[in-house]
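Okay, structure first, notes after.
Every chain is named by a letter (A, B and C) in the order it is written, and numbering of its residues begins at 1.
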Amino acid sequence: MSRIEETLAKLGITLPTPANPVANYVPYVITGNLVFISGQISVAPGGPIKGRLGEDMSLEDGVAAARVCGLNLIAQLKAACGGDLSRVKRVVKLGGFVNSAPTFFDQPKVINGASDLMVEVFGEAGKHSRAAVGSPSLPLGVAVEVDGVFEIA
Amino acid sequence: MSRIEETLAKLGITLPTPANPVANYVPYVITGNLVFISGQISVAPGGPIKGRLGEDMSLEDGVAAARVCGLNLIAQLKAACGGDLSRVKRVVKLGGFVNSAPTFFDQPKVINGASDLMVEVFGEAGKHSRAAVGSPSLPLGVAVEVDGVFEIA
Amino acid sequence: MSRIEETLAKLGITLPTPANPVANYVPYVITGNLVFISGQISVAPGGPIKGRLGEDMSLEDGVAAARVCGLNLIAQLKAACGGDLSRVKRVVKLGGFVNSAPTFFDQPKVINGASDLMVEVFGEAGKHSRAAVGSPSLPLGVAVEVDGVFEIA
């Protein structure tokens, strides 16, 4: 069991089954040492987490939705690594989109749900650059979408 | 005639003349094996395709607008390759922004217009990672903007 | 004094102190020759530049806000280069998000505030690919957020 898998176990995290896109795109592309992962939306095993921050969803629920996006990213990353998360060298960049009312300005706090997860799981290697912006609407009406770039060995 | 050009001919696709930005940026930058292409908006040879999904534009028209963005990306990519599209190794990432009313949740279906085109033209190498999100407004009032990262030989 | 520092002096530009994120992410990540810099918002030394284009902010003020984002990007880039901006080979990509009313279509003109700055400071190497899109709301209510990818020696 790798150190990362031990950390996941210790955190009580079971990675979701990585979702397969149903269109002409793929969950990730590896180019050189970089893995580009498709935007992962806040769909938990129980279903999509829908809502608009500043309108019908609390900050706390938004943070939880972003964490789900992070879990989905790590599940895809594990697949990209052929199952071996110890090959992850660095979380390079997260791009966070928050379903936002025009009066909601706490996109960074929401995306912390994904950012904190990366550091919990990967430690120093989990510290990443990121952007956090508002979006008027996201696929399926979900609350959060996050894409990512990762460096692997 | 390269295999890709043959495919374009077979599909009846004439690439548009790549648009030149009128500001202090360029259509693409090559770094290592990667080509970063600027956001291409849905401007067809006949003019801009304007509209907001979920408000004054049908899903079908949105898909067509995304396909136009894809054509503009391939035209820029061809210029980046010095005219030789057989140098394209992989479509790495598409970033799709859909001009969306707050009640429109089918951004993925819209961006399929660009994604499907990539696979029609480049086959397996056209399968890419992507993000598809809503935007409250895009340049000129167009319906779709898509940027991209590509790997070339 | 490097050529870039001379240019900054000539332009009368004093770089701001690079802001430190207060969450589990970092201002930049270096992978290979690429630097990914976190989204920089329009926060000047005097405070955040807030507003929504097409609603309560003029185009001119939006351009100035984008320039501030550009200054913040260069400040982070300098830190990434260990203080030596002459290591910058190329501005690769800027991703510009403009706080926009649904009727505002001049995102490119706004983001020119950041693009023009890159070319003023880095010359030909400052010419970059970019995207410019609207966002319904941004962190703190600021007018503009711009992230970036840079190539360094």
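The rule is short, and it goes like this: contacts are C-beta pairs under 8 Å (C-beta built on N, C-alpha and C of every residue); 3 or more make two chains touch, one makes a residue touch a chain.
These figures come from a predicted structure and were not determined experimentally.
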| item | value |
| --- | --- |
| Type of subunit A:subunit C copy interface by residue overlap (half), same or different | different |
| Angle of the C-alpha superposing rotation, subunit B to subunit C, to the nearest 5 degrees | 120 |
| Whole-Å gap between the CA centroids of subunit A and subunit C | 25 |
| Touching two or more other chains - residues of subunit B | 32, 95, 135-136 |
| Complex contact set, residues of subunit A against subunit B | 23-29, 31-32, 36-39, 52, 95, 97, 135-141, 145, 147 |
| Subunit A partner contacts - residues on subunit B that touch it in the complex | 32-34, 54, 90-95, 100-108, 112, 115-116, 118-119, 126-136, 149, 151 |
